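In what follows, structures are represented as structure tokens.
One chain, chain A, links the two complexes that follow: it is found with chain B in the first and with chain C in the second.
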Partner chain A sequence: MSAVPTPRRKQRRVASAASRYTEKAIEALIYLCGLSAIAFIVAIFVFIGREGLGFLVTHLVEMLTSTDWSPTQDPPVFGIVALLAGTFWCVGLSLVFSVPVGLGAAVFLSEFAPPRLREGLKVIVELLAAIPSVVWGFVGVMIINPGLQAMGARIGLNGLNGAILLALMTLPLLVSLGEDALRAVPETYRQAAIAMGATRWEMVWRVLLPAARRGLLVAVLLGVGRCVGETMAVLMATGHSINIPKGPFDPVRTITATIAAELGETVRGDAHYQALFALGVLLFLITMAVNFVADFALRGRRTR
Partner chain B sequence: MNGTDVRTAEQATAASPSPTTVAFADLASRRRTESLAGLVLLGAAALAAIPALAIVGLLIVRGAPALSLEFLFGMPLHGMTAGGIFPAIVGTLWLVGVSLAFAVPVGVLAGIYLSEYAGEGRVARIVDLAIVNLAAVPSIVHALFGLGAFVLFMRLGTSILAGGLTLGVMTLPVIITSTKAALQSVPHSFRLASWNLGVSRWQTIRHIVLPNALPGILTGIILQVSRAAGETAPILFTGAAFYLPILPDDVRMQSMALSMHVYALVTQIPDVPLEMKYGSALVLVGTVVLLNSFATVLRYYLRRNRKW
Partner chain C sequence: MTPTPAPGGPVHASSATELSLWYGKFRALDKVSFAINAGEIVSLIGPSGCGKSTLIRCMNRMNDSPTTRTEGRLTVANYDVQSPNTDVLALRRDVGMVFQRPNPLPLSIRENVLFGLKLHARSTPRADQERLMTEAFETVGMWDDVKDKLNDDAESLSLDLRQKLCIARLLPLKPKVLLMDEPCSALDPDGIAAVEELMAELRGHYTQIVVTHNMQQARRVSDRCMFMLMGELVEFTDTDDLFLAPQDERTARYIEGRYG
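The block that comes next holds the complex of A and B.
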């Protein structure tokens, strides 16, 4: 039995001695590409940090205390309070809509929907996820904004418009991550609850939601991360006016929109250019933080 | 043993009748809550699904009249207020092509590394975390990176090459994760069988694992194409031009792009006929949605036809 394969293997080895170097080369390449994701994350930070980190450090106080963003004035003022307010105003408003709807839909898909309806709804939600952000901006300008004005909003684009778009854009993420979190709850939990005489809703409310709490929280967190970084839709649909919003119908400007709108007009290396890269560093750090917190929360659940 | 149980239950009921009574009295209201909750959740699901259908429907209804051969294959005229969108379509093909040429080899090899070589160790975890983070980097930050790294540092200038590479870096996580998943879905016994015949690690991957995972990898590539075709922010400053009515024939040129064109028509240029705006958006959404549907169908048949 063992006598037969051994000589063959030896033969093979001799025959492929030359190709073993090719194999080593290929495996080296695989290793290299495998680490490319790390390399790119580092490269992104290095390239935006090179232009923006110094500015961020030296101007941090000015940026975080002034509401005035006038980069082309003389002297320029780089206050980002209004931009931060615009960003989190839109994100916050969108969450008011997207969290209940998204997690509700996730519960429905995972616990209530019959299999066929479930598959159908999932296809549609995937479709929603595939729509490019520039098309959402288009929808905001061409469809939602006229609708809002018909309902009595001031003429012009506003923060609510952007918030509605962000909500629609994050729904697929909330639905699919929320459903994953619910499905990760062991079947025995459901059986135990039903055996105790709970109705389906009581099982969801008293057993599943508490058990899936961390996963659902992570879904919301990642949704926030996505919203904060969203660019085209808020650039096109929020009205592009730098102020601290006092109501949903005020026009606002976000951090992302500011970079997208102004980078084309700057000269490489001047303060304005560096300020926009500093905003990029800030965005990068915010999304990294969101991801690490989410990862930490998920890992905590696994080891528990 | 059974008898004891029953007796205990009876005793419990006799001793404290209130829980049973309360439960029965509550049952009607509990059932009402149950059906109300079902309805509310159904409503939430409907709210999540209806906008997608409404938007696609509206785009089709308002955009379809604009679609014609002259619109799809014509040059834009009069500062983009008339004519077609052909250079934008061709430009998007170029940009997506460059991004594919970069992201497919790197992404597939990275997927192979994660599935076949990395194991469960610390390095694998760090790479996983890096991929998740790379996928979450905002598109406008990718734009800044593309400008700093490709346009300026590597001196590629504002060009299809720089824009395509930026898109490639951005969509890399899509390909890595789908390749990894496709490879991992190939049963481990296939590898064991191959190794036991004395076949080396790479040869096993090349001749056993990759062919079995190919459709799954393909699905990921289609999703990458769809994603790259729809992105706007990363190409704003790296490769796309607002108005450049010529067909590119070199990666060192700038080009128009479909996503950029939709942005320009809506926000930058006055007096564009409504039909043209909707038509351009419809072509973009149509491309992306068709690609995604194709990937979904492919995945569905894959799952159904899997023999192991």
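The block that comes next holds the complex of A and C.
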């Protein structure tokens, strides 16, 4: 009961002071890691912005009004309407396939699949996400290409081919985010509907999907963001022809494919080079906007 | 599929003969037998894990699962509940359930009450739907609270109004039996009073079977009371008798507060 601390106690206090320093150091390190993510984003934007933003501002009207992309002609023409159309055509067409299939699979996994089947299927879906983009390109050229020709397409490398690849590539994202959203719906909703005599399917259709709609929207938007930025597969599979598509079998070219294919041919600092960077800025803005919308939708759900 | 009610209406709203239920190897109900009259309020009391929730969830087949197994016979609203030929969806239409935590569907207030019709009577004319909805809200005494905001999100209501909504949404289907699994345990004293008052008003129109942890509540609301212990139905008699003159030693010790 003495007030004098025993030596042993003193020792322990010293040790805890030392561990507090390591604690601080680790905290600082983690803090730096967090900051570096922001720093990289800013750095990337500054880099492509420095090369392309000026061009984007001065040529914006020309870019957005002309369908003629002839950067090597004299004088060059930098119309990107056809490229934008190609990009959105592929993305939109891919959603037609990926949204029903992806969300359907998410519903199946979260509500209907027995637990063991669910685990197995999730592993396979995640494997799908691990396939490199260029391998999907092979699939497009070697399998979908002849398939579409057999279906009557003049050229098998076209918008539809790219859209199918994009759908396959975004499927894992849609399935796993969609399943998360559905499983986040409280069990009490399911019980309420079942106890009123709803079938499983009525419960899914009338209760679960409305309850999870924000989360599902986020899944779709992140899928769109992924599609817009996808390069290699669409470069290989869409036919690389600058063209406003009139049907699914028309070859197209996307913004990403244009940058990837042409950057090597440009002279550093010339108009063509700057135009490609301007395309990069535009792409960056589009994906950022999509991600912001997704984030917004998600936040709306959290505060509800 | 739907059984036609016996002529003259059911004598018993629900009855059981030697009903046993196993979750896997665990016996949750042990040869329970009883007969509940139409229109009365029956409360189920007993310590946690005594099987009272299991029994009430049996009555509209909410604990169907590959691992549950039952023996004996259970009849609710003229349905042979355990029979594989029973139309479970129709059973759940006629035997409504209210849960512990108010669980309105993530839809509007109006859609919550019309949900049952959407499932079971989709061809109901619009005017009839509106009338049934209004009646349901009036019966539970919340029409004035919601009539100006029927399209609002049901989750925007206060907790006790949400619970009343959960009762109201059962009514358009004209259920015979209302099962209530601790309907007041998430509510504050005012909410509890409101829901108990509502139960008293529904007496006679619906058979109400109420699981409660609160012995005072059982005394206040119920005509007859069941005391359960370890899956066994120990005593089932008039509520006043059960509390004032319990016949079984175990009942006496429970209501004295010796355990539970």
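Simple rule for what comes next: the second predicted complex is superposed on the first by the 272 of 304 C-alpha atoms of A that agree within 3 Å, B and C clash if a C-alpha of one lies under 4 Å from a C-alpha of the other, contacts with A are read in each partner's own complex, and residues count from 1 in each chain.
The definition used in the following text is that a contact is a pair of C-beta atoms (placed from the backbone, for glycine too) under 8 Å apart; a residue touches a chain by one contact, two chains touch by 3 or more.
The structure displayed is predicted, hence computed values, not measured ones.
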Using the superposition on chain A described above, determine whether A:G34 touches chain B (first), chain C (second), both, or neither. first
Is A:L60 contacted by the first partner chain B, the second partner chain C, both or neither? neither
In the overlay, answer first, second, both or neither for which of chain B and chain C A:A211 touches. second
Once chain A of both complexes is superposed, is A:A192 in touch with chain B (first), chain C (second), both, or neither? second
Given the touch rule stated above, what does A:E202 touch, chain B (first), chain C (second), both, or neither? both
Have a look at where A:V77 lands relative to chain B and chain C in the superposition and call it first, second, both or neither. neither
Tell me the contact category for A:L285 with respect to chain B and chain C: first, second, both or neither. neither
Between chain B and chain C, pick out the one touching the greater number of residues of chain A. B
After superposition on chain A, the chain A residues reached by both chain B and chain C are 197, 199, 202
In the complex, the residues of chain B that touch chain A are 23, 30-31, 33-34, 37-38, 40-45, 47-49, 51-53, 55-56, 58, 105-107, 109-110, 112-114, 116-118, 126-127, 129-134, 136-145, 147-149, 152-153, 169, 172-173, 176, 197-198, 200-203, 226, 229-233, 236-237, 259-260, 262-263, 266-267, 277-278, 281, 284-285, 288-289, 292-293, 296
Which residues of chain C touch chain A in the complex? 60, 62, 88-93, 96-97, 99, 101, 103-107, 115-116, 118-120, 155, 166, 169-170, 173
Which part of chain A faces chain C closely enough to touch in the complex? 185-186, 188-189, 191-199, 202, 206-207, 210-211, 304
Residue ranges of chain A in contact with chain B within the complex: 5, 8-9, 12, 20, 23, 26-27, 29-38, 40-41, 43-44, 47-48, 50-51, 100-105, 107-109, 112-113, 121, 123-128, 130-135, 137-139, 141-143, 168, 171-172, 175, 197, 199-202, 204-205, 222, 225-226, 228-232, 236, 256, 259-260, 263-264, 268, 276-277, 280, 283-284, 287-288, 290-291, 295
